[in-house]
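Shared between the two complexes below is subunit A, which has subunit B as its partner in the first and subunit C in the second.
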Partner chain A sequence: MTLTRGSLAALVTLIIGAICLMLEPSFDWVVKWPAAWTLPITQWLGDGVGTVLQVLKPGTRLIAAGLQTVLDVAGAALAGMPWPLLLGGTTALGWYLGGLRLAALGFLGLGYVLISGYWIESMATLSLVLVSVPMAALAGLAIGILAYEVPRIKNGVQAVLDIMQTIPTFAYLTPLLVLFSFGPVVGLIASAIYAAPPMARNVLLGLERVDSDIREAAIMSGGKRWQQLFLVELPAATSQVMVGVNQCIMAALSMVIIAAVIGGFGDIGWEVLLTMRKAWFGPALIAGTVIVMFAVVMDRMSFALSQPRRSHSSRVLMVIGLLTLISAAVVALAYPDPSRISLLGGISDAMNSALTDVNVSYGASLDSVKNTAMFYGLLPMKIGLDNAVLPFTWGFEWTSSHTVWYFATVIGIGALLAWRGHVTGGLVAVIVAGMLETGIAELPWPFVLVGAAAIGWVPGGWKLARLPLIWLTVILLSGLWDKSLQSLYLSGAAILACGLLGGLLGLWGALSVNAWRVLQPICDMLQTIPLFVFLIPVIMFFQIGDFSAFLAICMYAIAPMIRYTRHGLTTTPDEMIEAAVSSGANTRQILTEVRIPYAVPSILLGLNQTILYAFAMLVIAALVGTTELGQLIYQSLTKNDVGLGLASGGAMLILALVADRLVQGFAEERRKALGL
Partner chain B sequence: MKTTIKMGVSALAVMAAGAVSAADMGAVDEPIKLAINEWTGQHISTHIAGEMLKAAGYKVEYTTAGYMNMYQAMSEGEVHAAMEVWSSNVSDQFAALVADGKLEEISDLGLDAKEGIAYPAHVAEICPGLPAWEALKDCAQNFATAETIPSGRLVDYPADWGTPGADRMTGLELPFKAVPAGSEGALIAELRASTEKKSPLLITFWQPHWAMSAYDVQFVNLPAGEDACFNDPAWGPNPNAINDCDFAASRIFKAGWIGIADKWPAAHEILKNYKLDVSDQQPMMGAVDVDGKSVEEVVAAWMAENEATWKPVVDAATQ
Partner chain C sequence: MSEAKSAAPAIAVEGLWQVFGSNARAVLNEVRVAGGMRETASKLIDKGLIPAVREASFEVASGELFVIMGLSGSGKSTLIRCISRLIDPTSGAVRIDGEDILTAKDARMIELRRHKLGMVFQHFGLFPHMTVSDNVGFPLKMQGAGKAERRKRALEVINLVGLEGREDAYPRELSGGQRQRVGIARSLAVNPDIWFLDEPFSALDPLIRRQLQDEFLNIQATLKKSIVFITHDIAEALKLADRIAIMRDGEIVQIGTPTQIVLNPVDDYVREFARDIPKGRHMTLGEVMEPMGEAALAGDWPELRTGMSLEDALTRCAASFEAVPVHDGDGKVVGMVRPENFVKALGGETS
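So, the complex of A and B:
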């Protein structure tokens, strides 16, 4: 019998796993990496970076002062301007870019901000975004051009971009505080760091996709290299660059809450934090929704900017302009204080009491939902069936005879699958069952290392097998292994749930236009609202603990899965569908035989984003009392421990990037198989 | 103990000095920046101090600042003072910066703080015998949840505030497993949910806090938290462990940039002698958090009514 690559990898993993299981009772080090084998990486990082920071500090403080001035000017201008100017201006811009639809969006979006009662705070937030987006966009543009012009460093640049997007912001907030002092400038820099990579990626992609004809024409017409670049190639890449700008804005907005954690700035994020601290759900949601409104308005308008558009009546534009000026004058004279306008108190109270009602009426059912999920899902995944099955959870005690029977059954099923021709499937079934018996948080490290390497080896050969081996060993040496496994368990559970549920919702959104109309704004909201807001009801319903953390992570990480699944399914080339129709396929067959296989790369990309999001969310989940890497990162901030923050942020980065590379390996292989 | 004596002595010394001659005003044109942290009580304490400084003729700026990471900025004189620093929950960095001579502890605020193991009042029905701590031995299983079975569940402080609840459970050998809360919001959400659902809850909590009255929170009576309890295992009900007692008394003090005394001598005097009582602060917190009034108006009303309390402190420093 010849083994495929997949089954060979699975077999090796299985053998290592079995050996580990046998060694486990007599050799402690198989599960617990001994402290004597660790290196004081945390301390080295703290000392090394601490020294560097002191050297850089005088220079960065100057930069901080400069940025603070820019921020102050922008903030004063926005807060001082009568509100109808901004409201009318946004409406007019909406009309200019997209006619009635965008004009209405601009008006309603800004109108919401006004009646929320947080106008002044919102203007502070807006000033932060208005400064950070151009900064991030310019930096992204420069990085993108650099990577395009100097192909040698392209791979290196892309790795740096990955790090910028993946390492949790909280992990480097402490060094930023040292460098840039205290106040909104730190939040500004953090959001720029996070928002620059999407811009850089899109610039690079756009430049690479410029038609070779255009490029050659530019070369023929002579001129210096920078002239070719800025006068011909960049303009030709405009639409992709605008996608980058759009992504850049969204990323910057999702980071504004970070500025609030540091303080020094009465912005909308600070209001969210204050209300969250009092567990006031209504006001927190209303304040958080302001950020969503900004995001939706900016997203739709910047997207319209990247599309070819027809012109809309300039007469209407003038009418809007006139109305704006008149009402601005009236408001400036008669009602100068926009924070007096607050019309949503009733809604906020209603939401608060609704929360109480749900809690009181459905408390018992909510408890049983949580208990079921814990007993039969999360706990076995975390500590394994052998520890999770107890008289008061499953009704009986897991004994060694259970283990024997369990493995006998599983091996039987695996053998049956293998005999039916699914050798890999059979082996994987046994491996997964074994992991479930042990629990992710208690997996032996040699098994994890070999398993990850084997997964990489299947699509990517030795090159992709080496990567997890090296980097996971770094985590082992750092002494953060057990915390990392807990992170892996928590985000793994969330990724599994999001992958399934998000995939189904994406399918639904692809099949029904109306479904997508409902799903799209929900996805927008989940991706931009500060998720602190949802921690309150989650804790009230499900108490502090893993299940609440799991739910919080799912809320954030499910959105990309839905988006990309739908995107993949709705972009099947017409000629493929026509070919299927003409060969007599019905709608269901077209879906299962054409659209889904074609969508696999896009779905895998969605899964990849879901993985990154799930890891990113671990730090926020720390606020509901987790005990893994996210909690360490969060603590490093309050303890002002640069080394701890960077080391645990680094471990999280490694986990996320290894998972990312493995999934991308498979996506690449699929794309090749589909001939894309 | 030693620190309290020292503090007492220095306060006396200052009062004596203050009585002899008023301090210089210093740089009245430059604003004194007071830190506004994340909780309402602190907003009130800070605004009262700010109004006192204004009454003395200073410019005051209120600047929002994260409680845990404001000390770096304070040591560099970018924020000048914070009115409520809790000794039980203060960043390690604070002590380091005080030792470096960049920050100073100005003086106690006078708020009578208490921390302890607590429960919302209705829990007394779930665990008869409360508030005596011994009652918890027998009804631990009533507090059990999916994560802690078969032990009871104690919601402890967020992990970065330390694990005092867990220490008590170990010290007293109570069958409870402590679960760190993650954030203050999480603690409040737990209190609120438990009160609404009438579900069991044991929680590490503190006063003054608006939630104490909002959710009728009671403290468990534990053996008094004497020094011996934390050093001598033989002390207390459990002869084999330390921490078998209540929390050590915690202090709430004012802290500030080391340069205040030189730059604004009279302001330093005012901040040093400023005191606030729980009985004053608690109703104001209620007016803000329950009745929805703004901190400014609540503080202004209090200042108008209680001139006799704060005016002498300002006068002593300036006249």
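So, the complex of A and C:
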């Protein structure tokens, strides 16, 4: 019997795993990478980068002072102007961009901000966004054009952009803190850096997609290069560039909110954090909703920029303008202080006590949900059945005879599968069962290295096998292995849950139009809300800890899985469906034999996005008390430890990128196999 | 019983309408004018609907090769999709071996497709994630046939279409002509009685097309299926068909044997199709000969048969004439020509 690539890889992994299991009792180093074998990478990074930062510091402090002035002016202008101006202005902008629907959205959204009582804090956030978006958009535009004009650097630029978007958000903040010292400017710059890549990417994409006819027409008209670019090619790419602006704004907002953890600017993100820490969930929810409102208004309006626009009556625009001016004048004279308009104060208190009631009366059932998930799902994944099965959790103690029986059963099942012709399936089943017995956080490092390399080898050969091997070794040497495995466990659990549930929901959305009508707005919403806000509901009901982090990650990371699964399943070419129908396939057979196999590349891409989303959220989830890399990054922020921040940020980046490349490898291989 | 079965035509289509657009069925019933198909169609168009097939009626006898021909967009694919019920016709009836399939339950349709109907698609419709033999065995898998049985039958039909040795290749590794052979093999896997082919050779270049046409005729000569074959190529239609239906704008304008189409086109549209066709190749002696009457023919005649094409017959007759001298401008003899040279030069066969 010849082994397929997959079964060969699985076999090697299994053998290494088995050897590790046998060595484990006598050789500690198989599981625990000895401290003596590590390199002081953290310290080197801290010293090296620290020195560079010190050199740059005088210059950057100057820049900081300049930006601070700009920020102060913007903040003062926004907070000082009568609120009807902004409310009316947003409504008018909504009308101009998208007619009644967006005008109403703008009015209601800002109206909510006003009555929430967080107007002043919101203006602080808005001023950060207003200053950082132009910076990011211009930088992105310049980078995009540069990469387009100089083909030699294009690949390099794209790789850097990829990495910049994958670097954990908090990891940006530590070095910036050294450079710009505590204060809102750090948030401003972090958000500008974070928001530039999507802009650059879309500019490049838009320019590359310009029809060659259009481009050649510009050349034949005798324009200079810059004329061709700015008068013809960029305008022709407008719609894609506007998609970039939309993503840029959303990234900037998200980062501004996250940067609030530094504190000191009295913005809305800080307000959420503060109320959350004090367990004032009423105000936290209301402030969180303010953030969501901002996000939705900004997203829908800037998205309208990228769509073909119908013009809307300018008479209405004038009426809105007039009303705005009149009410602004009245307000300026009569009620100068918008923070006093807190119509939701009562509601907030009521909500607070209601939530407390809920927590008190349903506390037991909430706890039992949490405990069930922990005892039977997360804990065994983390520390393995051998440690997680205790009298206090499962009602009995896991002994070595359990281990024997367990493995005997598992190997039996694996052998049965192999005998039925599913060799790879059988081997993988045994490997997965073994991992469950050991626990992801306690996996022997040789097994992880070989396993990752084997996964890469299947679709991509040695080239893709080398990548995880090298980079995971770097993590080993850095001494951050334990924490990395913990990150792997937490994100892995979330990704598994998202993959299964998201896949099923995507399938449901593909089968039923009505289901998709419900799912689509939910997905839209989940992808619009800044990450931070997801923490409010989970921490409200489940307090801090792994389970809350797990839920928050799942909520954020599930949307792409649903979307891509449905997309893949609904875009099967008609001719293939017809061929299946005329072959006598029934609905179920069409689904399992044609639509699902055809959707695999798309589903894998969804999984890939889900992985990246999960890692992005992992860092934020550190705020609800996790014990992995994200926590280290967050701590480095509070301790102002550049080395630790960069090293742990780097380790997380490695994990995310390795996972990304491995899944991409499979997706690519499948796409090729399908001839797409 | 077998009497009744053979009496029913393999396929009978009656007053078939396919109208695209919202609420088509109700609108069709509302505007329908008895006997006035053109009028009905123009009313439908006024209402923004698309009458892609307009009151088509025809029958295909058992074992007959029936070709539907027409320009692009004339509704051929729509018609064949109605007959195979890949789409539900708006109105009319389709009977297969006497069974009305428009009222048949889904389960019955699946049953029919699994045993009785085969279809080949214009763009092949192969499954990219399956090998050639998995593609071909797919209809059998749908019936629940086991792996070994599928493989065995797949290899049989793969050999039949001349693809032996490529059974483990993926569609992306095949040329266009080979892909269509796979499509043909797949449609034959369940040994259907009725075979639908939607422009199976249109996507192929002329040489491969001719080769596949010949092989197709060979296959049909042994299998003797009832076939609906679609093409937009008149030469292909004339070469293959027992009878041809010509479509224009969703309407069947003429049905007839190849000779009838070439000799007696009903209107300019059909005439236009037949214009470039060398008539001598498609007419047979039987169609132009006169009754014997009283005349007594004697002598050493070339052997002529009723089924011979005019071109063939002419070549043979020409061979029995003497050569004729050819003069130059001054009246000097410079060469000679045999009548059969004319025929040869004009494209006829030589014996």
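The rule is short, and it goes like this: the second predicted complex is superposed on the first by the 580 of 676 C-alpha atoms of A that agree within 3 Å, B and C clash if a C-alpha of one lies under 4 Å from a C-alpha of the other, contacts with A are read in each partner's own complex, and residues count from 1 in each chain.
By definition in this document, a residue touches a chain if its C-beta (ideal position, glycine included) is under 8 Å from a C-beta of that chain, and two chains touch if they have at least 3 such contacts.
Quick caveat, the model's predicted, so the values are computed rather than measured.
Novice: Which one hits more subunit A residues, subunit B or subunit C?
Specialist: Counting residues of subunit A touched by each partner, the higher count goes to B.
Novice: Quick one: is A:Leu507 in contact with subunit B, with subunit C, with both, or with neither? Answer first, second, both or neither.
Specialist: The answer is neither, since A:Leu507 touches no partner chain.
Novice: Return first, second, both or neither, reflecting whether A:Gly183 touches subunit B, subunit C, both chains, or no partner chain.
Specialist: first
Novice: Look at A:Ala673 in the shared chain and tell me whether it touches subunit B only, subunit C only, both, or neither; answer first, second, both or neither.
Specialist: It touches subunit C, and subunit B stays clear.
Novice: State whether A:Gly625 touches subunit B only (first), subunit C only (second), both chains, or neither.
Specialist: Once the two structures are laid over each other on A, A:Gly625 reaches subunit B alone.
Novice: Using the superposition on chain A described above, determine whether A:Ser582 touches subunit B (first), subunit C (second), both, or neither.
Specialist: Only subunit C is touched by A:Ser582; subunit B is not.
Novice: Tell me the contact category for A:Val594 with respect to subunit B and subunit C: first, second, both or neither.
Specialist: Only subunit C is touched by A:Val594; subunit B is not.
Novice: Find the residues of subunit A that appear in the contact set with subunit B and again in the contact set with subunit C.
Specialist: Common to the two interfaces on subunit A: nothing.
Novice: State the interface residues of subunit A toward subunit C in the complex, per the touch definition above.
Specialist: 575-576, 578-586, 589, 593-594, 597-598, 600, 673-676
Novice: Sort out for me which residues of subunit C touch subunit A in the complex.
Specialist: 81, 84, 86, 106, 110-115, 117-119, 121, 123-129, 138-139, 141-143, 170-172, 186-187, 190, 196
Novice: Spell out the residues on subunit A that touch subunit B in their complex, using ranges where they run on.
Specialist: Within the complex, subunit A contacts subunit B at residues 174, 177-178, 181-183, 261-266, 270, 273-274, 276-279, 356, 359-360, 363, 370-371, 374-375, 379, 390, 392-393, 532, 535-536, 539-541, 543-547, 622-627, 631, 634-635, 637-640.
Novice: Hey, which residues of subunit B end up touching subunit A in the complex?
Specialist: Touch list, subunit B to subunit A: 35-40, 63-66, 68-73, 76, 78-79, 91-93, 145-147, 149-150, 155, 158-160, 179-186, 188-190, 192-193, 196-197, 199, 210, 289.
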